[in-house]
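Next, two complexes with chain A in common: one pairs it with chain B, the other with chain C.
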Partner chain A sequence: MELLLVSLLNGLVYGMLLFMLASGLTLIFSMMGVLNFAHASIYMLGAYFAYDVSRHIGFWPALVVAPVLCGGLGALIEMYGLRRVHRNGHIAELLFTFGLAFIIEKAVQMIWGLLPVPYRVPAALDHTLFHVYGTNFPAYRGFMLLVSALMFLAIWLMLTRTRMGLVIQAALTHPEMVGALGHNVPRVFTTVFAGGCALAGLAGVIGGNYLVTEPSMAFTMGPIVFVVVVFGGLGSLAGCFIASLIMGFVQTFAVVLEYSLADALAAIGIKVSDATALGEVLTIPLPRIGALLPFVMLILILLFRPRGLMGTRDT
Partner chain B sequence: MIRFKWTAFAFALAASLLGAAGDALAQGTIKIAYTDPLSGPFAQVGDQNLQQFKYIIDWINGRGGALGKKFELVAFDNKSQPSDALLALKSATDQNIPIIMQCSGSNIAAALIEAVDKHNERNPDNRIIYVNCGAVATELTNEKCSYWHYRMDAHVGMKAETMVRALPKDVTKVYLLNQDYLFGQSVERDVKAFLAKLRPDVKVVGDELIPLGKVKDFSPYVTKIKASGAQALLTGNWGPDMTLLIKAGMDAGLDIRYYTMYAHLGGGATAIGPAGNGKVRSVMAFHENIAVETGKTDTEGWTKQFRTQHKFDFYAAGFRTIFEFLQAAINKAGSTDPTKIAAALEGLTITDMLGYQVTLRKDDHQILSEYFVGVFTKGVKYDSEGTGLGWKTEVTVPAKDLDQPNTCKMKRPS
Partner chain C sequence: MSEILAHPGARPVPTTGAAAFARRHGPWFLALAVALALPWLFYDWSRARHSGFVVAMLSQMSMMAIFALSYNMQMGQAGLLSFGHAVFFGLGGYCTAHALNAVKGGSFWLPTELVPLVGGVGGLVFAIVFGYVATKQRATAFAMITLGIGELVTACALMFHTFFGGEGGVSTNRMIGTSLLGWSYGPSIQVYYLIVAWTAIAVALMMLLTRTPLGRMANACRDNFERAQFVGYDPSIVRFFQFALSGFFAGIAGGLYTLTYEIVTFDTVAGAMSANALLMTYIGGVGAFAGPVLGAVLIVLLQSWVSLLSNSWLVYVGVLFIVMVTFAPGGIAGILLMHEPLWRAGRLGRLAVPYARLLAPGVIAVAGFVLLVELCSFLTIGAAQGKAFKLSGLTIDPQHPGAWLIGALLLGAGGLVLWREGRRFRAAWEALVEEIKAGARA
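Coming up: the complex of A and B.
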């Protein structure tokens, strides 16, 4: 019971962090068809900006300043980079963002060095919120949940209640038609890209001191975020939310559940030992392959339901 | 016409550069190839090694190098991939470099040992020696041993024995967590073996293997460790796998003793933080306060100069020992020919910078040196990474106590 409750909380926190990252990418991918490889790099930049700002001014201003900086950077990338590359097609845009990811990583290494930087949780949140069967639940994790929930609420309200939001929603599923109706689609694109980058920056501010802030954090976080986006489905923010939570729980519970395929087979009466054919593969306990499960799920969803859980558009 | 001129100029420049790189020894420097991850998740490990090597080489060149020639380091990024390390080896042998060094990744080391053996057998006039500065899976000087491989760091068996010896009497339940590859599996096996041999009263309540460099969030593992009731966590994790694990444990308020092999390397002190005062121990060859504790003021001054120039503390005393060995062996052999250096290296004994006698065993080319267990605590002269806390020696294990038996059947060149 204790294990279940603590793992639920851990999975929830990790899932919400993934959602903060993936929501921006879903919006960008759904609307512009651009698989933004640099999205996780913007997340990393958000963490580094927050580290610098919190060193000079404080953490709370950093919570606002870093996402704004990332959003501004996103707008610049879109206006002067993607818009020019757009006419060469999707592959060119993909390669552009791929190259951008490497450039950002090298730039971060040059500016802040290769060591992880001591970006720490602010003192005001560095205590225990409550105890769960003896394990501390840090107040900072509660803060993370709060910020991601507020963010989800804010995006949902903006998309459904404002005019810009309605245009964005329409462009998510029918971008050509929106353009034909006379809306300034390039401006919508820039806004969405900048907004997505700002969200990634916010995720960086929150996640950078939860995990370690170092130059390789983009390439370690990036693949999982793509899995979430594809799994959740294009054009659907709710799908993205559900997929993030599923991924968070899968990765968390995979660690604590010490079962293997051999156990599943034993439940239906087939005995597997190390000596049987494929025995070594079947007796691998779940925790050892936990980090691979999201990718297995990615392959499965692409095979059986390519549009993702709640996708409204084909990939 | 201008285009043609530029092309010709470029070709001439390239040709002259290639010619210069042709024979590594013609210019009067002894080139040493070095390959480690200089990018990717383990980049900081490779980069910090590089900075320490540069400092050591400047110092040893200032003392005349070897045979009047200076040492020169040629670095290759292997991105933590055995395939890239083999490319580095090819580059090194193409340039007739006599020695290649590698420290991070026993899987890479195993690939290098095999490749170096094959190369040396097929190219007896262009041999290369592999100096292993940190890949410590026990198998590399046992089942996989090779005449051309010299291991300059205590192997997992020695570190595991040191770790088990340091466990206090009141700890009876331990949790093992390691990286799922050759090295981590070696740690798992050897720690269990030494626990059974030296501390049969200790029960292993948990035993975990995690994918290498992939886990970002260790809180589920911390939950499991807590649920097992372990009093000590024994881990060989290095790089981000080490820093994230310790960070997650500290954040969750896990009341446990940490016994590590690499918490003293870069990033560890930052991850432990002030909250970890007295909780984390590491098995190490050196920390900056040992010189203070034993009164070796010249060594203390030497490492102090390093830390004022860099943002991290000097931990690689073993690297200086490597160059002191190379200097002694090359001078003894009177040549930079790898075959002669190899013959001079094995069985050699020198005095290291802490004043201890260090030997390169002849039968398996494994270094035998003293080893320490340090605890991360307040109140030491040199703190780590600006945290205010530093390493203090808790246990010293003399070299003769670590002279473990080996199963190496070395094939010597005729």
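Coming up: the complex of A and C.
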């Protein structure tokens, strides 16, 4: 029970962090058809910007400054990079963002060094919020939940209550039609791209000190965010939300459940040891396969339901 | 473009017979001759030794050429963007390592010359397994599945010790004493000649494959898979065959890798190696058969030569890649092919002056960019390694703002002039093409 509750809370925190990244990516991917490889790199930049700003001014200004910087960078990338490459087709766009991710990683290594930077939780939030069965729940995780819930509310209001949001919703499923109706689709694209990058930056600010701020953080996070987006389905923020939470729970529960396939087989009366065929595969405990699970999920969903959980069209 | 062919002053193009064969395949035989002769250019006669650096670099180029060509079987010829191609390279390498150890241990007999074939078969088997899953989809879904497979295999390589040897990898010894030629394969030059032979075979086979119905149908499915379906072919089967065969050739490259380095680690299946295949192939050019070879040669040259001079060589590769994607989606081969009609019309000389005008600002802008990147890298990584930034004996202090100012000025001024000259060059180019077209019509 204790394990379940604590893991649920941790899974929720991680899932919401994933959603912050994945929501922007899902909007970009659905509207522009571009799988933005650089999205997780923007998340990393958000963390590094926040580290630099919080060193000089403090954490609270960083919470605003870093996402704004990331959003501005995103707008520049869309206007001067992607729009130009768009002429050469979707593959070229995808490769462009891939190259960008590559360069951003190297640039971060050159500017901030190869080692993790000491980006820490602010002192005001560095205490225990409450105890669950003797386990501490840090205030910072509560703060992360609060920020992501607020962001979720803000996106939802923006998409359903504003004119811009309605145009974006329409462009998610019928981009050509929206253009034909006389809306400035390129500007909508730039806005969404910049907004998505700002959200990724925000995720970097609050995730960078929760996890570790290092040059490889983009390449560890990136594939997982892709899995979330594909799993949730194109054109569906709700699917993206559910997929983020599923992924959060899968990853946290995989870490705490010390079972292996051999244990499952033992339950039905088959004994497995290292000596049996495939014994090595079967006796690996779940926490060690945890890292594999997202990719197994990705391959399975693309095979059996290419449109994802709640998607409206195939990937 | 066909009207350009009919230009009266055009160079005659043989279409049949030995002349056509020589014209079409001449560059390949020339490349083979160069590959065979190059190690002797760097031979140290006084000590009667080959230059280890050059032989290692050439070996790397050769095997990477196979790897990039096999990648282009998917990317260029079948229009399949894969992010996990290194899986077949690495698994081929692992299979080869185990085969070498088994032959050494006396389990079975296999001539050293045929050992890379084990890698090829290993790559083929795994490509059949993974390809069965991946090729049901195309485009972005295919790219995502291959990304997932790549990550899966990398994670497995670190997890399972019996086959992959964990983080330490699998070590082996190529001197198994079963050579048909009586070579020991101790000296790396012997291995290099084996690699060149296998490269020649693999390149010839891959080129022949493009002429088979399978190769043609792969092109058709790339260009318009719906029409290919109407004709009566199943695109997913075509994709599957192309994928499996491409895995075979990647496996051969992996086998050659194992023979050269005598160790295979999880790096060979990891994402960085897959990215390497993508970079080499795209920078070289996906549209022409020989493009990936050019890319492999260039990237390995950067990798082994520039990485000696600079910590940040990967930044240059990345920037080169972005520039290519943005401005020259055809890669180096595409740029060269654009000149072909002009060359046939005998007007290539007219571009000499516009090119010369591009050269100076280009060099200045690149110098400025390199200076800025190096300053940045010496400020952090270089400082951590305790190195000083030296330029032909002159030590540059990366803390000093003057160096940064010079770099920014060079990049800014060079870039501006380059941009203006670029527009002028484009105008000159278009005028020339128009002129040739008009000449052909007259």
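What to note about this one:
By definition in this document, the second predicted complex is superposed on the first by the 299 of 315 C-alpha atoms of A that agree within 3 Å, B and C clash if a C-alpha of one lies under 4 Å from a C-alpha of the other, contacts with A are read in each partner's own complex, and residues count from 1 in each chain.
Simple rule for what comes next: a residue touches a chain if its C-beta (ideal position, glycine included) is under 8 Å from a C-beta of that chain, and two chains touch if they have at least 3 such contacts.
Predicted, not measured: the structure shown is a model, and the values here were computed from it.
Judged by the touch definition given at the top, the superposed model places A:Thr252 against chain B, while chain C stays out of reach.
When the shared chain is aligned, chain B and chain C each come close enough to touch A:Ala291.
Within the superposed three-chain model, A:Ala243 lies out of touch with both chain B and chain C [touch as defined at top]. With both structures placed on the common chain, the touch criterion links A:Phe219 to chain B and to chain C. In the superposition on chain A, contact is made by A:Pro138 with chain B only, not with chain C.
When both complexes are overlaid on chain A, the residue A:Gly113 reaches chain B and chain C alike.
In the superposed pair of complexes, A:Val6 makes contact with chain B only, with no contact to chain C.
Looking at chain A, you'll find residues 109, 113-114, 219, 288-289, 291-292 touch chain B in one structure and chain C in the other.
Residues 79, 81, 133, 136-137, 139-141, 143-145, 147-149, 151-152, 155-156, 159-162, 271, 275, 278, 282, 312, 314-315, 317-319, 321-322, 325-326, 329, 373, 376-377, 379-381, 384 of chain C are the ones touching chain A in the complex. Across the complex, chain C is touched by residues 33, 35, 81, 84-85, 88, 90-92, 94-96, 98-100, 102-103, 106-107, 109-114, 219, 223, 226-227, 230, 280-281, 284, 288-289, 291-292, 295-296, 298-299, 302-303, 306, 314-315 of chain A. The touching residues of chain B, when paired with chain A in their complex, are 40-41, 43-44, 47-48, 180, 208-211, 213-217, 219-224, 226-227, 240, 243-244, 247, 251-254, 266-267, 270-271, 273, 311-312, 385-386. Put simply, chain A touches chain B in their complex at residues 2-3, 6-7, 10-11, 13-14, 109, 113-116, 118, 120, 128, 134-136, 138, 211-212, 214-217, 219-221, 251-253, 255-256, 287-292.
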